[in-house]
Amino acid sequence: MITAYALIILPVITGVISLFISSERVRRNLLMIVAFIHLFMSILLCNGSAGELNGVWLGLDALSRLFLVITSLLFTGSAIYSMVYLDKHPHFNGPAIAGLRMPGNSNAIFAACMQLFLAAMSLSILSMHFGLQWIGIEATTLASTPLIYYHRNRRSLEAAWKYMILCSVGIALALMGVFFLAMTTSSHVQQFTPAGLSLFSGYLKVEWLKVAFIFFLVGYGTKMGLAPMHTWLPDAHSEAPSPVSAMLSGALLNCAFLGILRIYQVCVAVPGAAVFANELLIIFGLLSLAVSGIFILHQPDYKRMLAYSSVEHMGILALGVGLGGSAIAAAMLHAAGHSLVKASLFLLSGNVLAVYASKKVEDVKALLKAMPLTGALWLAGFFAITGTPPFTTFNSEFAIVRVALQSGSWKVATLYLLFLLLVFIGMLTIFMHMCFGKKGEQEVDGTAGESFWQILPPVVFLTTALLLGLYLPDFVRNTIDGAALLLGGKAL
Amino acid sequence: MINHSSILICLAMIVLSPLLPGIINKTKAFFGGRQGPPVLQLYFDIAKLLRKTSVYSETTTAITRIAPFVILFSTLAAALLVPVAFRSASISFSGDIILLAYLLGIGRFFMVLAALDTGSAFEGMGAAREVLYSALAEPALFCGLLVLINETSQTSLSAIYEKLTAECWWQNPMTFLLIAVSWTIVLLVENARIPIDDPNTHLELTMIHEVMILDYSSKDLAIIEFAGAVKLAVFSSLLVGLIFSGNELSLPLQLLAFTAAMTLVAMIVGVVESTIARFRLLHVPKFIVGSGALAIIALILKLSGN
Amino acid sequence: MQQFLIAIALITTGGILAFITRKTRDVSTIVGAGSAIIGSLIAVVPVVRVLFNSVELPLLLLNLPLGQATLRLDAVSAFFSLPVLLLLAVVALFAGIEAAHDKHAHDGWLFFNFLGAAMLLLLVAANAVLFLVAWEMMSVAAFFLIAWRDEIASARNAAWKFLVASHIGTAALMLLFAMLGAHAGSYEFAQFSGAHFTDGMASVAFFLALFGFGVKFGLLPLHVWLPEAHAFADAPVSAVLSGAMIKMGFYGLLRILMLLPNISASWGWVMVAGGLLTGIFAMAMALAQSDLKKVVAYSSVENAGIITMAIGCSILAIVWKQPFIAGAAMAGALLHILNHAVCKGMIFLASGVVYHTIGTRKLEVMGGIARSMPFTATCFAIGATAIAGLPPFNSFISEFIIFVAGLQVATLQEPAALLLAFLIMSGLALIGGLAVATYARTFGLVFLGAPRQEKRHEISDIAPSLRLPFMILLGFILVLTVTSPWLVEILLRVAATLMAGHQGFALADLQGELLHKPLIIVVQFSVALLALVIAGWQLRSRFFSTGDRSDRPTWDCGYAAPDARMQYTSSSFAQTIVDIFSPVVRPYKHGEKVTGLFPQHASFRSDAPDSLLRYLFSPLFGLVDRILLPLRGLQHGRLHLYICYVAITLLALLLWKVVAI
Amino acid sequence: MNGIATLLAITCLLLLGSSRILVSIRMVAFQGVLLGLLPLFVSGTGHIGVSALILTVTNIGLKSILLPWLLTRALFASGARREIEPFIGFGTSILSGVFLLAVSGYIVNRLQSTAAISSSITLIAGFFMVFSGLFLLITRRKALTQTLGFLVLENGVFTTGLSLGSEFSVYVELGILLDVFVGIFLMGIMLFHIDREFDHLDVDRFNELSDLAVDVVSNEEASE
């Protein structure tokens, strides 16, 4: 339990400290150290020795295990990456605003907010109490807004503002949901946690649960990027610094998703609610898939394309959970796979951006020749994200189709595959345009974006995704199956 | 399924085949009210050609040298597969007609290549026409064949002709008439006769078969001419076998009848050539497709028949 | 079985090593090509054992994320791995030697070996998931091979088309296997065949399979990727793609057919009709092409059509309970697959050589190459004769078998049978005739006549070392021809395995001897013809050629100054035929009519991009664009309306659901 | 208690109607006060729990003093005009406000049919505040007014929570408050930045980031 608290407290402290560290080097090393300690502790926490802990506030079950490890892993990767990234971008002192002087320079804020962000995410993952979880998720918004505004220009400001407003609104609605959920519980519920509520599922009032679920879905769905509430997502992801985009897409969305999963956990326990929840999830899943397909086709900005692909995959997750059965396990697997791949893609996009200094697809040509490593990984990432075997994403996507057909919903399966096809074609066009072709007339120095620390995290992530596609180690399988069982699903 | 007696007959047919063009020309001459060349003319030509030395175009390659032999031997092989004198063919087996058709095909293929080998515009023209017409003619042949197979439920040419008796004709005469006509057309096409092609025109632009062998001379030309005659004989005997049935006659009678029938076919061709004018090249494909159509009609009749 | 897997592993690692050592070209060449060749040789051993003394090799289990996957090598897999192994080895040899000779030769060993390994894996996969994995890896490897010359826009374009097409196909396959898996409760093929599908499900499955695999082997509307992919890939690549990868489509289809016990006549009819149309269309297109490799590629489509027809015929025969016909048709199809692989491999390699030597694929400017490249010309000639289905070579044998099946169908006393016989016989005849035309045109205008290009640098034939692969392929052509009567026995065994699930035809029912005897005669004829022709030719040129001279220009009907440009060109050669098919081919024609007594300079050229691409797919994709692009307006950047989306969603859900409460 | 709820609803209607930002800020501050008082009445029956007291204090402290002060500062610091410039006229806004009131009444009515609610008036007020908060966010042009709208929304959520009588432990409540406060605070800081970057607070002109533009070049491969 101590470790669990430490996971949250440590980054907060170090984050606040690093605000006041003046030396760039020290700050970065601190960031690195925190990242590794966090990773170490979460692995320690999750290798099962800690067992299931169900506190009133914090707890640890298969779901939180899965998401905690992913988050920590991604954070470490981004931390390593940002070592180099920060060098490439001049940091300037925060402006004095109405006497409120922002302490430290932008990089200090970056480091600090990264760690606070980590803390917030850990909180939202580890918290069992719905209220606490809400606090955590809202905190992630607060911590990540300055990160999005890192570049201090109009576009990033606009993105940050939209992110701030939309997510706050959404999360306010989620809070409403929390209250409704509280309303459903009759007096003799001790713990306001999924487990606690499920225990007394008999006493829960279905109607209120449904209303609560609607608020959760719309609220956290906004944060998770389900269409049509996803509108902040492309802006934020494309304007944020690449390591941040990686975190946003790979880790933050999962946290929001977890928010929905927690109430879904309750719905499963209550007879009428599950069907209701599934219906909504399937609808929103397909909607997100469709929207992402529309916007990925002919997308002129490759970071936005990645963002929309995140929308797509959130849709897949929702769909998978909505279909139930072993699709839930598949969705969990997919969450892991998507986080790894999408994070590496965003990091790689950082490399490309560093060299070509443009987010426009048309400006990037012959990546494979200009920056061989990045180009190769970029293509590999493409095949991984579109669910091409042997990457792990294929298994999950295929399993979802199978479950869809098992439950006889041909329409869903066909639409699902159609949208995936649309996304594939759109992305293929873009990736081919970027990777192949003659070297552009403007001579780019590819080596700028190819330093070891920039390549290492994507390599690790993609390799992991590949290996997971070929073989699923027992601890992963158990975690995923455990998570699926918590959500009333079947093993993979 | 090797029939030794018919091998001899077949050989005889092969040897005598140059008579057929002679007969055709005689007939044409008769209709034209001329004396006409002797029936043995083709023999004389071949003999003359064999004595000469040949001149090859400088653009030619080995293809030109090989082609005559491919044509000759494939045609001879084909002759072995066709029933002669109302007896089963020298060599007969299930699907022999296919082999027959494709043997003629390889010969044609090489003649076309040889034509292209010279790099002459005219010969290319002829080659282009040849491949088109034969491609269209072959389905017609097989179409007719299908009906016969279905009638006799045999798959080897000889067996089919053996089963194909007069009463088959009486039962559904229309069908067989159509097939006969369609096969006659195929014969005309395959042997480059009027109305498809005029063997003794003098305007290269309008030629098909003759133009392809413009550059051949002496022995090669002799071989090709002879092969042509054999090919004509092969098709004629196919036609004869279709129309007449005499497998219950005794051998001498069969021989007699067969010779007569072949002569008759040759004369018919002659009559056709001297009565019908040569088609414009544009119309030829339609004509050939028409022959296929006839066969298809026959097929449909057969379908409705059973 | 282990040997097979070892081979796969070897080939893969070889590819990877070759990639690592790509800086030092010779090493990577040796490693890549060597591993491919040795791997194939190793893999042949179990294949032969399975095929010839029909032993069942032990199964192997693989632990995949979606459950245990079985690997097994049965007769069907073994048969289909023949073309793969053959081409893998020979082409690797060719590419290796070529790479040693010139610096611009193909050196994508990584993906080349991956392609081979993926195909082999595909063949032994007895599990849907593993099958899909191998299938996709195959496609991806092929994609990279096609896009190898990625600085050329058209190559990129071809690769794009290929991957999109194959992904569409894969989507169908995912649906198919998901359905089967959902119904059988497992992804194992063994379970599939056990599960009882309703006729409806079976039909859905079949048509999904036909669609999904049809994309690969180029069934009529789905073939559009094929010509360009083969045209713009390097010769060795197109050889493998056309010879081996396309065949994997047939493998998959037959696999699925094996698993669906309740077979229905409609499938057969669809396949026969589809195959027929494919064949005719492909030939019509081939004649209109002006790009050497596109012509050859279209001929692959044509052969796919023939094979499809044969399989369809076999299906119908199964439904009609005609074991002999079913067996013959299937055997013919299988043999044709093998033959096509050999011949097409040779032709693609030969045309690759031509392309490398004279640096263009345009038929219009070729001609007269045979004089300077006799060896290549001979190879191409033999390959062309063979692939056009003419005796005395192997493809004729397989077409002959199919014909025999057709003849047999004609003896059945029912209208449907007669119709089928008609389709097959006249269809094959027509396609064959067109094929003769196509290859006469291709060979004649590329190799024969005089060069149509004004100035051409001095060209020479391929290096002696490069001839080895050709010799091997030639050897295979002859061997396949001569041994066919006995080969048929094996093919029938394979066919029996294929049809075991359906009517339970025993091998004996297939009456191999009815095929054996005719084939022997056919083979005798072929050999005799070959021998006589060569003998006659040699005699003629040795002893009876005194006084012959070949120093005169071609007789041009009295025209004094004949000129190479006066020759018939490829387009003019094909024009008469193309005009007949112009409604489907829709050729482009640029040029003005020649008018007047003394016409001015005039030019004419015609070409035919795939009409289905132009009139079906491009409009389709355009339509999708036109529908979707306006929707992008939803992301207009106005925060107020974004919030509005959220609010509306919330209200809508509340009203909808709360009212429902 | 119902009285306070009604007052809250009325303030919302006034907010919808008011044309001057300063007034709106004051209005929101007043809402904060009301909201702060609300918990005291929830527990009812005279005696007041410590936790409730703490909540009241913090609530009033943050929502009706600190944040309004911040926003006012922002307003004065920015050279922007003090009018609200809505998309939808004030009259219409009030009308739609009434409509929203009706809707929330309807929803609460439906919900009531299923389960007993401690005070339906408050719940209606809560819903109404949420909706009008959203309405403000949607229809008001300035970044500042959007912040206000968000504040109203938050207040609405709180009211709902209270009306549902769902009492969490005070820590959670405080945490929530803290989050909200920091959120608004950040928004305030960003207001300054926006003012500096764009020298206007007009969010409606924030549409540099959009997908309206369609790239043709990346379409090259597809076109054939």
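As written, the chain order gives the labels A, B, C and D, with residue 1 at the start of each chain.
As a working rule, contacts are C-beta pairs under 8 Å (C-beta built on N, C-alpha and C of every residue); 3 or more make two chains touch, one makes a residue touch a chain.
Nothing here was measured: the structure is a model prediction, and the numbers come from that model.
Common neighbours of chain B and chain C: there are none.
Comparing per-chain C-alpha centres with the mean over every protein C-alpha atom, the closest match is chain C.
Set against the Cα centre of chain C, the chain with the most distant centre is D. Put simply, the C-alpha centre of chain A and that of chain D have 28 angstrom between them.
The mean-CA centres of chain B and chain D are about 97 angstrom from one another, to the nearest whole unit.
With centres taken as mean Cα positions, chain C sits 44 Å from chain A. Rounded to whole angstrom, the centroid-to-centroid distance between chain A and chain B, based on C-alpha atoms, equals 78 Å. The multi-chain contact residues of chain D, meaning those touching 2 or more other chains, are 111, 114, 134, 137, 146, 203, 206, 208-209, 211, 214, 220-222. Counting partner chains per residue, chain C shows two or more touched chains at residues 153, 156, 160, 629, 632, 635, 637, 639, 643, 646, 654, 658, 661. Under the contact rule defined at the top, the touching pairs of chains are A-C, A-D, B-C, C-D.
In the complex of the two chains, the chain C residues touching chain B come out as 367-368, 370-371, 374, 377, 381, 385, 388-392, 396, 400, 403-404, 407-408, 410-411, 413-415, 418-419, 421-422, 425-427, 429-430, 432-434, 436-437, 439-441, 443-445, 447-450, 514, 517-518, 521-522, 525, 528-529, 532-533, 536-537, 540-541, 544, 546-557, 562, 564, 566-568, 572-577, 580. The touching residues of chain B, when paired with chain C in their complex, are 1, 53-63, 65-66, 68-70, 72-74, 77, 91, 93-96, 98-99, 101-103, 105-106, 108-109, 112-113, 115-125, 127-129, 131-132, 134-136, 138-139, 141-143, 145-146, 149-150, 153-155, 204, 214-215, 218-219, 285, 292, 296, 299, 302-303, 306.
Across the complex, chain D is touched by residues 95, 97-98, 100, 102, 129, 131-132, 134-135, 138-139, 141-142, 145-146, 149, 153-155, 157-162, 164-165, 168-169, 172-173, 175-176, 178-180, 182-183, 192, 205, 207-208, 211, 234-235, 238-239, 295, 298-300, 304, 360-362, 425, 428-430, 432-433 of chain A. On chain C, the positions that touch chain A within their shared complex are 63-66, 129, 132-133, 136-137, 140, 147, 150-151, 153, 156, 159-160, 163-164, 167-168, 171, 174-175, 177-179, 181-182, 624-625, 628-629, 631-632, 634-635, 637, 639, 642-643, 645-646, 649-650, 653-654, 657-658, 661. Listed in rising order, the residues of chain C touching chain D in the complex are 153, 156-157, 160-161, 613, 618, 621, 629, 632-633, 635-641, 643-644, 646-647, 651, 654-655, 658-659, 661.
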